[in-house]
Amino acid sequence: MLAQPAGTPVEAARAARGGPVLRVEGATLQYKTHRHLVTATYRVGFDVFAADRFILLGPSGCGKSTLLKAIAGFVKPVEGSISLHDRVVDRPGPDRMMVFQEFDQLLPWKTVRANVAFPMVASRKYGRREALERADHYIGLVNLGKFADTYPHQLSGGMKQRVAIARAMAMEPDILLMDEPFASLDALTRRKMQDELLSLWHQVRCTIVFVTHSIEEAILLGNRILVLSPHPGRVRALLETRRGADGLVPSEDFRALREEIQQMLFGENIVQEGAGI
Amino acid sequence: MLAQPAGTPVEAARAARGGPVLRVEGATLQYKTHRHLVTATYRVGFDVFAADRFILLGPSGCGKSTLLKAIAGFVKPVEGSISLHDRVVDRPGPDRMMVFQEFDQLLPWKTVRANVAFPMVASRKYGRREALERADHYIGLVNLGKFADTYPHQLSGGMKQRVAIARAMAMEPDILLMDEPFASLDALTRRKMQDELLSLWHQVRCTIVFVTHSIEEAILLGNRILVLSPHPGRVRALLETRRGADGLVPSEDFRALREEIQQMLFGENIVQEGAGI
Amino acid sequence: MSREFNEATFGPPSEEWAVVERPLPLLQRLFAHAALRRLLILLALAAAWQGYAVWADNPLMFPSFTETIDAFWTDIRSGVLLIKTGNSLRVLCMGYAIAVAAAALMAGLAMTTRLGDDLLSTLTAMFNPLPAIALLPLALLWFGLGTPSILFVMVHAVLWPLALNAHAGFSGVSDILRMAGRNAGLRGLPFITGILIPAAFPAILTGLKVGWAFAWRTLIAAELVFGVSSRSGGLGWYIFENKNRLETASVFAGLSTVILIGLLVEVLIFRTIERHTVRKWGMLR
Amino acid sequence: MSREFNEATFGPPSEEWAVVERPLPLLQRLFAHAALRRLLILLALAAAWQGYAVWADNPLMFPSFTETIDAFWTDIRSGVLLIKTGNSLRVLCMGYAIAVAAAALMAGLAMTTRLGDDLLSTLTAMFNPLPAIALLPLALLWFGLGTPSILFVMVHAVLWPLALNAHAGFSGVSDILRMAGRNAGLRGLPFITGILIPAAFPAILTGLKVGWAFAWRTLIAAELVFGVSSRSGGLGWYIFENKNRLETASVFAGLSTVILIGLLVEVLIFRTIERHTVRKWGMLR
Amino acid sequence: APTTSARAEVSEVRIAQQFGIGYLPFHVMKHERLFEKEAARQGIDNLKVSWTNLAGGAAANEALLSGSLDFVSGGVAPFVTLWAKTRGNLNVRGVAALDAMPIYLVTNNPRVTSLKDLSDKDKIGLPAVKVSIQAVTLQMAAEQAFGEGKHDALDQWTVTLRHPDAYAALVSGKSEITGHFGGSPYQEQELAQPGTRLLVNSYDVLGGPATFNLVWTTQAFREANPKVYSAFLTALHQAETLINEHPDDAVGIYLAEDDLKLDPAFVRKLITSPETKFTTTPLNVTKYVSFMSKTGAIKTSAQSWKDLFFPEIHGEPGS
């Protein structure tokens, strides 16, 4: 288990795994409204390496979604920088597919199939035929085969989110950005989706940045977990999960890690800085 | 623990607790679209008694939201009936406050405070002054004190849901209908909200119908749990939780109940009908 | 784990679920027919017209419905009305098409650059209130007499409201949808056609309807101003000529033709588009 | 458990967070000023006008910008233009107010009953394409010659596009918002004013803008056709009079007044409303 | 009408006029308050007279039919149309002529010296194609030039343009408009420009002086308000007399009422021109009626000019 405070370099890990795919350095993200200046995150820095399953964990309103949007290129940091493969992120692009938190991220004028095929066609990454085939495949994976020709307004909340997940996964992007994708799914569907995500990752070894509220999900899915504090989100700790041969976190470790995160998030005493990696 | 199949009467319980507040009898809910007829629930029946904390549990797309909307009076059953205090539900009303699943349920043109005060003022249940005072109180409970003058589009997903929860709770309605209200909240906020809901219930003993995906949440919050099956939602079982003196479900019972529900939802073998109350 | 676990069911998978709908009373069922309801409205309007005309008894100012129908049939049979309507429709469609293209261009520009935005709102605020006759000298100078001038004036009439509607529609597209589009790599024109136009389609459709009406209004008014030579005039000319001749029934026949075409276009074109787009997509109730 | 756990922070709670924004280059900063940008656009338009007029050298049909300004000042100083503008504005505001009220009524009716819906779409499709001159005989019959007739024609011009926009806006209000309103016990009028109108406000605002422009257009056109006794005429009469006198520069001065008022209303009224409503609410970017 | 004399007459009279020098008698009446004074003399005190400017004869007809106006004025053609349409019901008839003035077709095309030289490169501006007095006069001229039945030979090149627009187009010479069949004072101003020439004079077409503008009303109004009617006619006579006897005063009134920046000498020349007559006597109106009846523009014809006018002026030497 690694707990790494904000700001200090992760030389060891970086050296061991090649340069970071995504580097966020001292990123301060703000919203300017007509009266206020809302600071969503303050000087957040972390590195995401190739094939990381990187989890962002933090309380409601701490800036997780904003951070993800910044990585996707929708929000520009007022301070610090975000770079992808050593190039500063300055615009959105299909190399970073995002699953948004909101239910209305589907294009209402496209059927489920067309929605899933849409980024594949729009980005010219796949031909129309291939895109539709892939779309059908991923729609099947999220168990919506019978709804392929339905329009989004006829779906339930969880079904909409599953379409969005299929849409992002079907692109097989360099980086998959997911903002609480499984929050509105029931336990079984959620577990199935988690399995699918992991198996997709095993196939293509893509890099995933994943926002979740569930500590269990974080431990289950992630190999590295960034814990953010409230009042503009700052890095509280960066943890690593150690996995067994079956890819699962041993149940002893699981419990210990969960305790630790719970302590960090809910306990009165903040975990001391520099607690060692 | 009670497991009660669809259709059979609950004479004993009903007799013991007075007539049901809400009675759903053989309700079939359908959506007519231009090409299809989608059956959301099929002949669902259950009774909700005064001061019940009634949980609807079932897989994504099984018709939970539709059922809740029908109770709220937005959807009319094509078969069967829904009645409240022995009067057929034929229109929405402020006696049944609903927290919707979607994030865009807040009025974008009202601040957080005005949003929370809105149903209290609109329904004439409270005067303007009192409504604003109550609004501030409940906004404090959901930890959004500093955001009272913010407009919804400046809130994060979880914050929006908390405003909606405050709005519904502040009304102290006869029946509180909540559609996965805590799905987008982090563990701590979620636990706090659950505590608040229970303490509100202890104060006013309102009737709550609550949709959730989480089996743990269902057991924690509910005194009766309706398990729905997929392919148009039908009643699979109605369970009751037995609580200790502290109001909590004893941990032994908790585990057993969770196992049972998991078995029901995910196991291959369907629980036999008429398994006894 | 069963494969179909999470799937609800389309249609009645077994007869059991095919709940028979409650039959409605006959009157209510008839009333549910949109076409029938509209026909009733039209009949009521015609009856009111006839009644008022008979009561007012001023055929030179306000002919009755039957007189109008008479004049209508006479001029239909003689072919005059059809030819004039054809002329008008041709010019109308041309002007409308140009205006729609120009509005699309302007609104698109306004969406992509800040200067374009300012330009659009400034130009709209400036020129939208100007009546067509104000443009007469310019039109005469630039396009001379005849169809090009009429087109110019029509484009002026249609362009601004359409661009306003489209621009407002575009501006109202939710951030999430924009982000979804940008995320898929869309920029510039593909972004506009792929995201903004469909997402703003309800507003655009309103703009198209308003624009269509103003194209008619302006065409008829413009034909009076620009007069065209008396051989090739359109419906506006027909109305004007008959007005000057005090053939009021024919004037009303001309106006009824405009109304009729308006209804046909609404029912056959706009309603159909609406049904196959925004209503199907759940963007409009 | 700390009480403020879930609260993010407004503004800089400590200096540390008050990140200084990167200063932009001067030109870019100036350019960011909307008023300045618009002024530049106006100057460019004026320059283009002057240039074209000098090149075309046809003061009878197209006077130059400076000549127009001259005429404008002369008539401002003599008070003529101000009085006429005042007259027009009074009638304009009356007609506009009536039309807005009527449109609200129609759109409200269309929202609450199905018959109202059909009635609105049928009437709109029928009457919207009719030019104002078509209604002239009716207006004369009913209201005689003068302001009421002009009001009638203006209401006709404004009502339909406004009702169309409002109705489309209402129809596009999301189901969730409707449900939130109904759930709070709103029905009928409170539902319309409390939910539909604010939720459809972007569309309504567009309708108001379009309607405003058409009120102007129609007022001016109507004054030309009706004529008015020369004492109490408005801007349209001023334009007509000067046209007859071949004072083209004054004609353009009159038109410039229309443009100026259009710009003022856009900037002072519509922009302000927009900023304090739909933009503040995040409904329009 | 036996009952009318007993009843009170209207207290307000609404009169329509238009722009142009042809309406000078009205300007004088208005400026000198002749109508009010005459009405008072006939025992109607405080008669309110409201003057309305209309954009054309068609609008005047509509206003009269809707009861919005009592006396309307305009060119001969719209009057004849309404007269023909209301025979036997409303019985609209002429009250009196306002003037007799020539109308000129002016061209700026150097290659055109007669109507026969016109080609499809020429466009002639008229206040209203086919139905205005200018259009009818042009048809007459066309028939004279091209032969019987060819009255509509030139119609294809006519264009509806208000006087000022046609004037600007013709004088600037930068549009397709090469001809303008207008009226005073535009036609004289046009002719004052270099490069323009007179192509058709209506007096030549009609064989003598012809009425340009006149006043008309409904039979019902005349019968219900005999005193007002006769006061109007008397005032009109007085106005005509003033113009004819004191042309300088008339010039001043005209420039003041129309608020024109014209040279007074120019206006004086127009008023005192031998071709211009300010008289209530209708001249050559029947020629228009029979021509329009022949071409089918109206469906009746008149035996005599007296059919067209109310009896008060039947004593004058009309035609």
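All chains are identified by letter, namely A, B, C, D and E, in their written order; residue positions are counted from 1 within each chain.
By our rule, a residue touches a chain if its C-beta (ideal position, glycine included) is under 8 Å from a C-beta of that chain, and two chains touch if they have at least 3 such contacts.
Protein names from UniProt, one per chain: A, B = ABC transporter; C, D = ABC transporter permease.
Nothing here was measured: the structure is a model prediction, and the numbers come from that model.
Which two chains touch most often is answered by the contact tally, and the pair is C-D.
In terms of the distance between Cα centroids, chain A (ABC transporter) is separated most widely from E. Of all residue numbers that take part in the contact between chain A (ABC transporter) and chain B (ABC transporter), over half occur on both sides, making this a same-residue interface.
Our note on geometry: chain A (ABC transporter) versus chain D (ABC transporter permease), Cα centroid distance of 46 Å, whole angstroms.
Averaging C-alpha coordinates per chain places the centre of chain A (ABC transporter) 84 Å away from that of chain E. Of all residues in chain D (ABC transporter permease), those touching 2 or more other chains are 1, 4-10, 56, 58, 61, 137, 140-141, 224, 248, 280, 283, listed in ascending order.
Counting partner chains per residue, chain A (ABC transporter) shows two or more touched chains at residues 38, 59-61, 102, 104, 154, 188-189, 266. Contact with two or more other chains is made by residues 62, 65-66, 165, 168-169, 174-175 of chain E. Taken in their complex, chain E has these residues touching chain D (ABC transporter permease): 14, 16, 19, 50-55, 59, 62-63, 65-69, 162-165, 167-169, 171-172, 174-175, 189, 258-261. Residues 56, 58, 60-61, 136-137, 140-141, 144-145, 224-230, 237, 240-241, 243-248 of chain D (ABC transporter permease) are the ones that touch chain E when the two sit in their complex.
Within the complex, the chain B (ABC transporter) residues that touch chain A (ABC transporter) are 31, 33, 38, 57-61, 65-66, 101-104, 154-159, 162, 180, 183-190, 213-215, 262, 265-266.
Per the touch definition, chain C (ABC transporter permease) reaches chain A (ABC transporter) in the complex via residues 1, 3-10, 174, 176-177, 179-187, 190, 194-195, 198-199, 201, 277, 280-283. Residues of chain D (ABC transporter permease) that touch chain C (ABC transporter permease) in their complex: 34, 37-38, 41-42, 45, 56, 58, 61-62, 114-115, 118-119, 121-122, 124-134, 137-138, 140-141, 160-161, 164-165, 168, 171-172, 175, 202-203, 205-206, 209-210, 212-214, 216-218, 220-221, 224, 236, 239, 248, 255, 258-259, 261-263, 265-267, 270, 278, 283-285.
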